[in-house]
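To keep things simple, chains are lettered A, B, C, D, E and F as they appear, and every chain counts its residues starting from 1.
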Amino acid sequence: MLNSSLTGFMGCNASYEEAEIVLFGAPFDSTASFRPGTRFASRAMREASFGLETYSPYLDADLEDRAVFDAGDPELCIGDSALALGEIGRVSRQIFSDGKLPVLLGGEHLVTLGVVREAVKKYADLHIIHFDAHTDLREDYLGARLSHATVLRRCWELLGDGRIHQFGIRSGLKAEFEWSKDHTFLHRFGFEGLEQTVRSLSGQPVYLTVDLDVMDPSVFPGTGTPEPGGVTFLELMTAVRTVAQGCNLIGADLVELSPALDQSGVSTIVACKLLRELLLELPHQKKNNI
Amino acid sequence: MLNSSLTGFMGCNASYEEAEIVLFGAPFDSTASFRPGTRFASRAMREASFGLETYSPYLDADLEDRAVFDAGDPELCIGDSALALGEIGRVSRQIFSDGKLPVLLGGEHLVTLGVVREAVKKYADLHIIHFDAHTDLREDYLGARLSHATVLRRCWELLGDGRIHQFGIRSGLKAEFEWSKDHTFLHRFGFEGLEQTVRSLSGQPVYLTVDLDVMDPSVFPGTGTPEPGGVTFLELMTAVRTVAQGCNLIGADLVELSPALDQSGVSTIVACKLLRELLLELPHQKKNNI
Amino acid sequence: MLNSSLTGFMGCNASYEEAEIVLFGAPFDSTASFRPGTRFASRAMREASFGLETYSPYLDADLEDRAVFDAGDPELCIGDSALALGEIGRVSRQIFSDGKLPVLLGGEHLVTLGVVREAVKKYADLHIIHFDAHTDLREDYLGARLSHATVLRRCWELLGDGRIHQFGIRSGLKAEFEWSKDHTFLHRFGFEGLEQTVRSLSGQPVYLTVDLDVMDPSVFPGTGTPEPGGVTFLELMTAVRTVAQGCNLIGADLVELSPALDQSGVSTIVACKLLRELLLELPHQKKNNI
Amino acid sequence: MLNSSLTGFMGCNASYEEAEIVLFGAPFDSTASFRPGTRFASRAMREASFGLETYSPYLDADLEDRAVFDAGDPELCIGDSALALGEIGRVSRQIFSDGKLPVLLGGEHLVTLGVVREAVKKYADLHIIHFDAHTDLREDYLGARLSHATVLRRCWELLGDGRIHQFGIRSGLKAEFEWSKDHTFLHRFGFEGLEQTVRSLSGQPVYLTVDLDVMDPSVFPGTGTPEPGGVTFLELMTAVRTVAQGCNLIGADLVELSPALDQSGVSTIVACKLLRELLLELPHQKKNNI
Amino acid sequence: MLNSSLTGFMGCNASYEEAEIVLFGAPFDSTASFRPGTRFASRAMREASFGLETYSPYLDADLEDRAVFDAGDPELCIGDSALALGEIGRVSRQIFSDGKLPVLLGGEHLVTLGVVREAVKKYADLHIIHFDAHTDLREDYLGARLSHATVLRRCWELLGDGRIHQFGIRSGLKAEFEWSKDHTFLHRFGFEGLEQTVRSLSGQPVYLTVDLDVMDPSVFPGTGTPEPGGVTFLELMTAVRTVAQGCNLIGADLVELSPALDQSGVSTIVACKLLRELLLELPHQKKNNI
Amino acid sequence: MLNSSLTGFMGCNASYEEAEIVLFGAPFDSTASFRPGTRFASRAMREASFGLETYSPYLDADLEDRAVFDAGDPELCIGDSALALGEIGRVSRQIFSDGKLPVLLGGEHLVTLGVVREAVKKYADLHIIHFDAHTDLREDYLGARLSHATVLRRCWELLGDGRIHQFGIRSGLKAEFEWSKDHTFLHRFGFEGLEQTVRSLSGQPVYLTVDLDVMDPSVFPGTGTPEPGGVTFLELMTAVRTVAQGCNLIGADLVELSPALDQSGVSTIVACKLLRELLLELPHQKKNNI
């Protein structure tokens, strides 16, 4: 008899039952305002991960030693944001209720809202650490309240003032920057202040959302709205580690990879490496805090 | 003093007042189920038309001799189909009420619904001639009723049985083909029967919707869901001419060009040539029938 | 609990036990003499098939009604042809011994040899029908006997004279064309003579190998060594049907799709459609003959 | 000691002295009005020819049996048409004066003028057979008299009325089509009338200029101004053969391949195959007529 | 009635009369010696700017608050450098004579000469600050005196010794570096010495020409002759600010973006962001000095 | 008479007899485990070098003043590693026996073994300095002992412990990192320790192998297995200079450029510039030590 060799992200070969972490994709990009394509990110990352090493020389740790289940991609309704978020919520709810930690692969940034809505039900005092080039704080976008450009504003409605910590921001409306002064902690251009933020959140539940366009387009061109002047891969990897080691992470996501925009494939590999490092840090964190 | 040299589609330099035909784009592709990108079609066509000839050796006629106004692209709400269709409807309503003929450049096929909703208000006995590789007759798509895959079904709800004439169809669910037997005239694979259809519609108002993927992907690869086994450029050009010369056309559209999927630019040029031929036929038709 | 949504080729959701047909990929292209890349074909086809319809309006049949298992891709040793062919043989042997019919997705054309070696053990009187632009009859290629350019010559060594029926051939060394006169039935340029060949093989076991570059590069540019002057998609689909309906097919393959060479994705979709038609024809054939 | 293995177009390994035909490239595209890039054509064809067969199954003849010298590409002054044409003229003059036959690889169509100026000095009664999608008969282009869009008009100034025979034409200004009625033989859309033309030119010196965009963009997308509705590869190959076998060809060119516009590489290979067929026909012709 | 929605660069919506700055494109690249394509830069920048923010968090300023008119692109004669420069001169003359400040978008670097010829008529004591990877100081290029490779040499003929200040230079002939020692101030590799230069030019009229290939190809791959070892986006943005704030700028240009060479679109966006920052600084400068 | 203008890498116009350095390509990539294509690197570098300057402003030296012969590419058997390495060995043996210095352009990294096998015959005390992102120290790769992933392990078998000095390494199996502790000097991530290594090797024969993926993919995306977190172009150029000036180099290679993966062409140009700098340093070194 033959077994199927169809597989998920590299090294994520735990069963759902034994897994501490559950990875899943959210192939949705209907509100992308410039160039869509992030719906292909999770599948492109699984495909590209096939040839990559599971061992990290940065951490001297191997993904084969972690218990991660890759649930694949739920089928999301392209073109209807409310239906798509509902389905992401359904998956997230299951993961949280089984005491596991969700890691979401976008998709556009709006998908984060699907997880956060569930997270906040379980963790009333939730904080969000947000790495991004863009503010994402609009009240609406051409009339639509559910949009990649409004996602953190929608999260703020759930969490309230002082719960969202933004880093790397270098693009947005003037009005968004003004609004943020009263409602979020917005750090421009880089990660200055991150260590202090992490210390201040000690013990509290934190969700980490990484819009990969926080990186400079030189190393990450494969995204819909690239912004020059961003952070390097090593700076982002270090920042993720700082958060993962210092906070009580209860979930995380990587969003806005648009594979076809980078014909060289580098952006997809950068996202895979970052995911590997994140997954390697997560269980360690989890064991410490739960 | 300097005047701006920013211009619309080649040869479309009439003012709105003097124009018989009004061209406008619909940069919307939020429900594209496979690969989005049609939102860039209208702008890509204007750009590529810059170097093309306005004269048609097929018709021995010149676009410079026609009165066409290019209204540009209204700003559509990406991610919210209802809002986007509303805006397309607003523009169409104005054009119809001013006694002009709208020609819409998609965008995905859903945008057709925005024009048809207005057309049916003015022309109660409207027929639709539909060139496409796909049936587009689903009741819903993953729960969404407004979708490129349902657009002709939504049109049918407005028009009723026996008003939609489909040609070139070679892909769809089995259930769609079954359903069509009672509700539309569906012609598989090519244009067989088109001349007879055109004769049967003599004098009645007709809207022509051309999903460019009715063409074989060999000459038109730049579309989200290409289907081999399609018609040639010359067959499509002839079919468009058959309709334009034989029917009382009250509006038309060309949809589903996705420029970035064809790096050679051929697909965009094919769409431009077809638009030129369509525009050259339209006023002739209009003068005869109104 | 969550189930994984990772899946194989569209509609191929039978278990191995219930399956009549077993699909598997051979990601190998080490001997490609011009531009490699066919190793990605099977995965690209699964990915692209996600959005395609399982229903064929050509046959009025649906892949959901067939019992096909997608075994994924065995891990092949890139760079060592003998090891890779051994692994393909191991999988094929299992399928044949379980009374099922293998359908192989290349990879380069050399992978065919891995299946044929096993097929000839089970079916001593095996014939091969070979659709291709190239002869593939060299004795060796720069010293290597195992090569895409020699694969039919190696098959001939197993089968002997008069067992290989070649169609569509339009490129090769003069010496290959000369050699073929005494050893194979080589039909130049198209499918002339195919129906007669099929009739002559009535009741005998036949393996069908389709090098997709038999098609004209206008509709199938995504291949390493494209040859203008080829057959159309509809001609190839008809020819495959002729073989599947008239012969006792005991296995088949589609090879030489190189997805990255066709940035539009059309070639991958063409291959998927052809595979759908082939799979739809096969069980019918199988039920008749076994 | 080591010899260099740097080589020219496949099978063109005669020395200059023994060669009957001299191939050379003209890497020039300064007047390209839409998308430049033909300057890379000759080098791309040499590179791609490396893996192609020198044997033609269409003609049962082999390029290895012909005496062709590949002179490489003279260094042309990009940006100054007069200087570039002067250098092409210098090379052509040498070839004509040595009693050999020049075959030029463009570059844009203007380069043809460099050879024709020399040809007409040697052959006062020269005719030109011109395969193209475009008329190329403008008096000037935005003020420039030397342009790809004016090249046949410049040739007409050298040859006079009734000497230029155009086939495949399907694009141009209305004024060009009008002008042609009194000065050239312009055949629209295809090769109708070609055999009659060839018979009428029996014994007279003929130069063949092939703008490769005469082909349909489905099989030849790699050109700056593609025109749908063109001829197939086999139709063009047959037409070239008709001319080569029926006329006294004294030179020829293939122009307007723009390799980077066709990422699949098919267009470059199509041009190589056509060049192989042309080169195979030429010496045969030459031996008959000189 | 419908108004056209065709628009220029983001936020440049002043009328010509009220504008302080006039933006225009120069779609010309006939002398590009390696890979042409810069003719598409100005249109690509307008198109890409559609989705970008007009607000700069670097300057806390918004382009909506500036008075800029986008004049579009004059029609330039491709293939004749003298005619093209004449037309650029005609536009520049008008802008200077109306007391406005021209900002030119290339096109290749030669277009700078069209503006400088007019600038030097108005400002006899003009200095040029030149950011570039290349010297551009050749006497001629393969015989042509008008070329992107000679443009600063032609400017020097108008201005004389000691008036051209070059930064970022890392490529050129040995002879150019030698020649520069007596005639220009050439600073290798980066912006060292820029602040001192700016101080030394206090109060004198300065034209700023930015060849975007001064940036490292990691962040700006979309240019014909990329040179590794360049400056970062932030370094260039800072250098432009240093010049704009410290000098009496009377005009400026950004040249050598070749959009199609960067399929990710990042290079075009980098150019747009730089243009936004430049435009935001200019009026401030202008108000101080005039 | 006409001479051929077909040429090698820029400025490499010495005859074999007068050359001190012999450049040759190794178009082989059969064992590439992820994305092949390096077989095209040497030809792409020659082509791209056509437009580049031979003068280095970094070194104030000109390649025209060096005696380098470009031998082109030997014809290697794609698909059979042993045959291909044999042919590379044959060429290397000739170069070493004629007292010249070989510089090899890959191809994949396995090709290095072909030169090293010959080098170690001539220089028994050979050391290797190895710049790479990957360890390349596997015992075998899916059963194959000859592979890009095992090449340094095969070299170690020839040289023994303590002879291989690795820099820039940031990817590999855990087992490879462990193994290296006893057998090679492995420096992670960058060039720390390089100067000390160079001093320690004073006077001993050294072969330098540069896997270009040691660079960060931001500036060198054109490689099969890009690894973020790499060194910059300037860091690599400096490191190469440190080795070339401080060691007795007896041969060198640049491998793993895969031109088609970087559509912008930047990676090929980066490799060309690095080769120019390497070639400019080598003769100086050679004159000192031999």
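Miscellaneous remarks
Definition applied: contacts are C-beta pairs under 8 Å (C-beta built on N, C-alpha and C of every residue); 3 or more make two chains touch, one makes a residue touch a chain.
This structure is a prediction, so every number in the text was calculated from the model and none was measured.
Contacts with subunit A and subunit C are shared by B, F.
With chains reduced to the mean position of their C-alpha atoms, the one farthest from subunit C is E. The distance from the centre of subunit B to the centre of subunit D, each centre being the mean of the chain's C-alpha atoms, comes to 39 Å. Shown for subunit F are the residues that touch two or more other chains, namely 33, 35, 75, 216, 218-219, 263. Looking at which chains touch one another, you get A-B, A-C, A-E, A-F, B-C, B-D, B-E, C-D, C-F, D-E, D-F, E-F.
Against subunit E, the residues of subunit D that register as touching in their complex are 29-33, 35-37, 39, 75-81, 83, 141-144, 146-147.
Residues of subunit F touching subunit A in their complex: 33-35, 169-174, 177, 188, 216-219, 221-222, 225-229, 261-263.
In the complex of the two chains, the subunit B residues touching subunit D come out as 51-53, 55, 57-58, 60, 62, 216, 218-219, 233-234, 237, 263-266, 269-270, 273.
If you check the complex, the residues on subunit A that touch subunit C are 1-8, 16-17, 22, 24, 43, 46-47, 69-75, 91, 94-95, 98, 263.
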